[in-house]
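Should a chain be cited, it is by its letter among A, B, C, D and E, assigned in written order, with residues numbered from 1 in that chain.
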Amino acid sequence: MSTILLLLITGVGLGALYFLVASGLSLIYGLMGVLNFAHGSFLTLAGFLGWEVSRRIGDGSWPGLIAGMLVGLVVGALVAAITELVFIRRLYNRHIEQVLVTVGLGLATVALFEGIWGSDPIQIRLPEWLGQTTEVLGTHVPNDRWLLIGAAVLVLVLIVLFLQKTSYGLVIRAGVENRTMVTALGIDVRRAFTIVFAIGGAAAGLGGVLASVYFGTVSPHQGTSLLIYAFIVTVIGGLGSLSGAAIASVLVAVIQQFANYYWGIGDLAIVLALAVVVLVRPTGLMGKVKH
Amino acid sequence: MTAILTVRGLHARIAGQQVVEDVSFDVAATGVTALLGRNGVGKSSTIKALLGLYERTGEITFDGERIDRLMTHRVVQRGIAYVPEDREVFGQLTVEENLRLAERGGAPNRAIVGDLFPELIQRAKQQAGTLSGGQQQMVSLSRALMNDNKLLLVDEPTKGLAPLIVGTVTKALEAAAERTPMLLVEQNLQVVRALAHTVIVLSGGRVVHTGPAAEFLDSDLVHRHLGVSTDQEAA
Amino acid sequence: PTTATPDATEGADGTESVAVSVGMITSITGPLAAYGASYQQGFEAGLDYATDGTGEIDGVELKIDWLDDQGNPDTAVNLAKDVIGQGYQVIGGSAASGVALAVAEQAAQNNVLFLSGPAAADAITGINDQTFRSGRQTLQDVATAATFLDSVEGSNIVVFGQDNAFGQGNVASVEAVLGAEGAEVTPILVPEDATEFTPFAQQISGASPDMVFVAWAGATTGAMWEALAQQQVLESTTVVTGLADRASYQAYGPGSADIQFLNHYFPGATDNEAAQAMDAYLEEHGHEADLFTVDGFAGAQMLVHAITEGKGDVDAMIGALEGWTFESVKGEMTIRPEDHALIQPMFQVSLVDDGGTWVPELIEVADAEAVAPPVAGE
Amino acid sequence: MADRPALVLDSVDLQIGGARILHDVSFEVATGEMVGVIGPNGAGKTTLFNIISGVMIPTGGRVLLQGDDVTSRKVYQRARVGLGRTFQTSSVFAGLTATENVRQAAQAKLGGAVSPWLFPRAADEAHEVAARCLAEVDLAHHAQTEAGVLSHGDKRKLEIAMLLATEPRVVLLDEPMAGVGSGDVAGLVEVIRRLHESGRTVLMVEHHMEVLLGLVDRVAVMHHGELLAIDTPKAVMADPDVQKAYLGETV
Amino acid sequence: MRTFFSSVWGKLAVGAAIVVAALLPLLNITIPGVLPGPTYTPGALSVMAYAMLIAALALSYHLIFGVAGMLSFGHAMFFAAGAYGLGILLKLLAPSGMPSEAVFLLAIVITLVIALVLGNLVGALALRVTGISFAMVTLAFAQAANVMIRRNTGGLTGGEEGVTLTVSMVPDALVGVVNTRNLYWMALAILVLVYLASLWVERSRLGHVVVAARENELRVTVLGLRPYHVRLFVFGAAAVLAAVAGMGFMLLQSSATPRISTADFTLTLLVIVVLGGVGYRWGAIVGGIVYTILDQRLAALASSSWIADLPAVLRIPLSEPLFILGMLFVLVVMFAPGGIVGITHRLTRRAGGKRDAKAPEVLQDVEA
């Protein structure tokens, strides 16, 4: 019983991590149609720079961690905006090329990180409380999971508000379909694209810092290794549906937990789930049916 | 008659091919100027070049300002509305979202949509991609007519519309033209006759005729430039 | 026999002075670059030591090339073929087991001597006549773990590892070594891509074993140790694991003091003549000793011995190495003739807090014979 | 055989979400007959064509093609029984040349289109058919032009050429004249007339009344997803309901 | 598009290229910085053979990506099926007592059948969806295959350490550095075979339908054709060709590790095809060769001394081969959409005074 409870709670915690990684990806993919293979690098870079700042401000202290998270947000937003301005912008509506550019950036940046920070994971120090556990019905739940869950909920709410309260979502959905016509309506679609990319990047940046909290390390491959889960979550949730991504994140993580624990086949189980979803409901759990 | 738009020596290349060659014309500050020609002569390309959707060279002056170096959205923000030839509604968005996106400037006149095409109001929540061809054309027209414009560029507005609606649209364009000058591409010569005061005829990417509409439509130039026998047009 | 090249450019066979070319194929860049670097530093120190600072062997013209395999077996094979084609008689290096196995195959096919480096896979031992190793193997790690138990007989041992070749290999080794001595061995293998270890840690603490043997590698190490600490595994039982390179000393987290480490080598583990020579050489060149420096050192000693005795003739060099006993940094080492296992002492170590950082401290030296692996293929 | 109707629609219904797009549409088209379909925008004409060609599956009713019930058959299966169509918005292979476009159609008809063992040759039968069909719609001068860059009107003509090459027995034309220059309408009408006269069954949606009325045997009028009337052009034009729903007030 | 190579001169050029390639092991040509030694040396030959096998693999990927327009992330799986299939079968069949020639042939045939079945199975499922979903399904299958291989499933795949070739079952002429020349010719033969096969598929009517379906799927079905089957054929054919390259790889390298089954390895193929020029058969070949050589030689560059002396801002990026490759790739995608072959085409066309047919960006927006 306590095992099941623990699997569930830690599953939700892992799901929160997946969502933090996937939210930016899903936002960018859903609105802009850009499957961003460089997303993992956004995460990693934010993780590294967040760590560099936080250890200078106060290694293992709350102010240090909070500063690290802020830096992660800013770094994520900046890198994403620069990526969009320099690379993606020139390739509007050429989705395959956009994917390819991000693939190249992903490869190159991971190599660069290895060059700068070395290929070994670097241990980071965290506020003591995060390393402790909270007892829930006889199980010891690591405290950092609560932080992840809280952050994931916050990100979900903020992005949903952004989409509902501003017209950027509309402009971009239209722009992806037919950018020319949006400009012919007198709208500067480029700015909207940059902003959405930056927001997706900021979410990734926060995710990167929190991933390093989760693993207790920063390493050049951290982001990329999470990327595949983010892809799977995005597809299962339904391309472009943020709430779908949230549900799928938790679902995937919980399935993975149970399958890993009882049969040792967590990743096979996820792959199977993906295959089933894609074949039975190609638009994903919450995806809009295309006409 | 003063001109709202003057075009001098406009060239546009697509894929290295010259599709608009040294085109010069004026669009009068009032009423409808029609741009005519057979399929593939470059009518749509001319309009797109004006908007900056195609690479272009030449001198384009709108309302006293050179616009040939502006980006498309800036051109449009100067008060030029565009109804593209292939409707180009955003299929993934609802009708309402399509219209909302097109709202520009001070006071967009949503009422005009209801007056012209009551259908669209009922279908506000429908995905535009599922609309019938004619309904999409209505959305496309509404997007332009809703705003306060200084010039309308309208490419084949009646294409695919039922006769009943052709009548409505013709009247709407007539009404719009009273307020706003218009450059119109249209294959339906009856509509041209009803609306236009001047025609510009293109052939092979060049202007081959400019003159009053009625005079042109009644002459054998119609046959020469558009391939229509005069009696056919009358039918 | 070396390769017949249509138009030989160098290395005319035979007369008085012999030329021996050695291709050192190892990770200079890539994920194992750090291992490659310390191996190379150790090798240079060892060469200096074994040749008394001359870098030369009597009557032999020695040529050593360092080549980067980026940790990629295919690149390594291409490099191996290149040097074999040029008539090199010896290959060395291999930080990764996959690389070592692939290169060993080339060594056998083309009859050149292969001195494998840090790669720990048991499969390298006894793989073929041409392959030797200058490092330890997994079975020796496991045997060292056994030295932590007062009595193996009837004890309950959990092997906690990842479900990959490394983890499976460790389970097999523990079963072979400790199971044979009457221990009850329970493997708990976690899928390699898993990132959440809390439930497994809870499972271990529920099983209340006498000893937990942890075989772990890769990026999730920190998270795994944190989970073990959080679920009170470290407090409640003897946890044994291998102490890796310097970079990992801080990876075990706050629970470090509760972990018992078996160890291949750490700086300062020994203080014999070879160790002093190595440290002096490294210091002079601005390097620091690490886990695999000793493998490079031993590799160079083996190379020098093989060449001194065999003068570049592969069969003679193999003959010279088999059964050879020598003093190296770790102490006395013997190359077992049957399977070329390198019989060597191992260490018991603990981590102690030294002003905020964890540093290793020697508890005991495990005798070379006591931790010798069973003969491969028997 | 001969008197079996080419096409039968038997109380066809279509609902999407809550919306009723088609309601109880029934009519028959005799072999060799040409029927015009008119109706206000959004009446359901294109949807009807989609249902006949299998692009959409009705929620009720049956579709019979040459006597066979094809209601649940796939698009390609219906095409193989001899159904051909054009699209309201031109649908061509944008990256292929005009000739290659028509060639695909010709091969589909001649067989072996998907064979890995056959190679297109510059002088084989499919090529000749393609050249002939392009000439027929007056597009020979664009034979080597990539279809995607053709002007609007020219794409419409290309679609007709592809249709001709498949030699369908039942033809659905969705607004073939839309966007075609007034000077070229007559030529296209001629092509369609020949198509009909060679014994094919034709259904054609068209808002160009003057063109339509001169061509067709009967006219079906759609309104709000229902079949309002189906009768001779004369009778239909005289119907006041049709006047009101479709043509607008006549003076 | 195929203006140059479909001409008579083009055919001659292809023939000449094959002859020159076949003669290389007999010549003494040194290309410093590209090959490790003169062309007859085993080192140079094995690098070239490796490059040709990668080119053959890229060519098979070109069928799926360049011709059929399907973005697959699972192609490495079939290459791995070839390499592992051959390695495992030779090992399993070795004790059977059959003569080694029979074992060798049997293993090859069974591997081909496995690849065919696997390709059709995965294809049949994945092709039920299109676009990014297709990419994800193929990714998922490849990931599953990679997990199985890494786990040492059934004790057959050897986990991280991989499978080595059972040399005793392989013809002597293909074993050992002495015979590198033969392995080189084998690789060349495989490349030519895959080239001819893909030429065949592309030129056939089926290939044309696949291209048409890429352009407009509904239009194809309305003509009475089924895109599903032709796509499946191409997918299956590409899988078998990839497995052929994989078998050649096993023979050349004498070992296979899980690296060749990773999604990263498929990404490498994508990089190769784009680098060479999407849609050009020669692009895949040129890309494969250039990539392999760059990959091998950039490592040498990275550890060279003049890099070590540079300041950190330059030294760190330049000493990471993948960084250079990645950025090169980005530049090609952005500024040379036709890749290497595209550039040469444009140059030759310019030289011939014809105009440049590449549409400007603005226009492509309109078309999309």
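The working rule: a residue touches a chain if its C-beta (ideal position, glycine included) is under 8 Å from a C-beta of that chain, and two chains touch if they have at least 3 such contacts.
Everything numeric in this text was worked out from a predicted model, so none of it was measured.
K.L.:
Could you quickly compare B-D and A-B and let me know which has more C-beta contacts?
P.N.:
Of B-D and A-B, more C-beta pairs in contact link B-D.
K.L.:
Taking each chain's centre as the mean of its CA atoms, which one is farthest from the centre of chain A?
P.N.:
Greatest centre separation from chain A goes to chain D.
K.L.:
Name the chain whose C-alpha centroid is farthest from the C-alpha centroid of chain E.
P.N.:
So the farthest one, by centre of C-alpha atoms, is B.
K.L.:
What is the distance, in whole Å, between the centres of chain A and chain D, each centre taken as the mean of its C-alpha atoms?
P.N.:
Computed from C-alpha means, the inter-chain centre distance equals 48 Å.
K.L.:
Taking each chain's centre as the mean position of its Cα atoms, how many Å separate chain B from chain D?
P.N.:
Chain B and chain D have C-alpha centres separated by 28 Å.
K.L.:
Report the inter-centroid distance (CA atoms only) between chain A and chain B in whole Å.
P.N.:
45
K.L.:
I'd like the Å distance between the centres of chain A and chain C, where a centre is the mean of that chain's Cα atoms.
P.N.:
The computed centroid separation for chain A versus chain C comes out at 38 Å.
K.L.:
Please list all residues of chain E that touch 2 or more other chains.
P.N.:
147, 319-321, 366 - these are the residues of chain E that touch more than one other chain.
K.L.:
Among all residues of chain B, which ones touch two or more of the remaining chains?
P.N.:
Within chain B, the residues that touch at least two other chains are 14-15, 53, 130.
K.L.:
What are the residue numbers in chain C that touch two or more other chains?
P.N.:
If we look for residues of chain C contacting two or more partner chains, we find 163, 193.
K.L.:
Can you list the residues on chain A that touch chain E in the complex?
P.N.:
29, 35, 87, 90-94, 96-97, 99-101, 103-112, 114-116, 178-180, 228, 231-232, 235, 239, 267-268, 271-272, 274-275, 278-279, 282
K.L.:
Taking the complex as given, what residues does chain B use to touch chain D?
P.N.:
Per the stated touch rule, the residues are 14-15, 37-41, 44, 85-86, 119, 126, 130-135, 137-138, 156, 159-168, 187-189, 226-229, 232-233, 235.
K.L.:
Where on chain C does chain A make contact in their complex?
P.N.:
30-34, 163, 189-191, 193-196, 198-200, 202-203, 219-223, 226-227, 229-232, 247-248, 250-251, 253-254
K.L.:
Would you mind writing out the residues of chain E in touch with chain A in their complex?
P.N.:
Touch list, chain E to chain A: 71, 125, 128-129, 132-133, 135-137, 139-141, 143-144, 147, 263, 267, 270-271, 274, 316-317, 319-327, 329-330, 333-334, 337, 361, 364-366, 368.
K.L.:
Quick one: which bits of chain B touch chain A in the complex? Just the residue numbers, please.
P.N.:
51, 53, 71-73, 76-77, 82, 84, 88, 90-93, 97-98, 100-102, 104, 127, 129-130, 143
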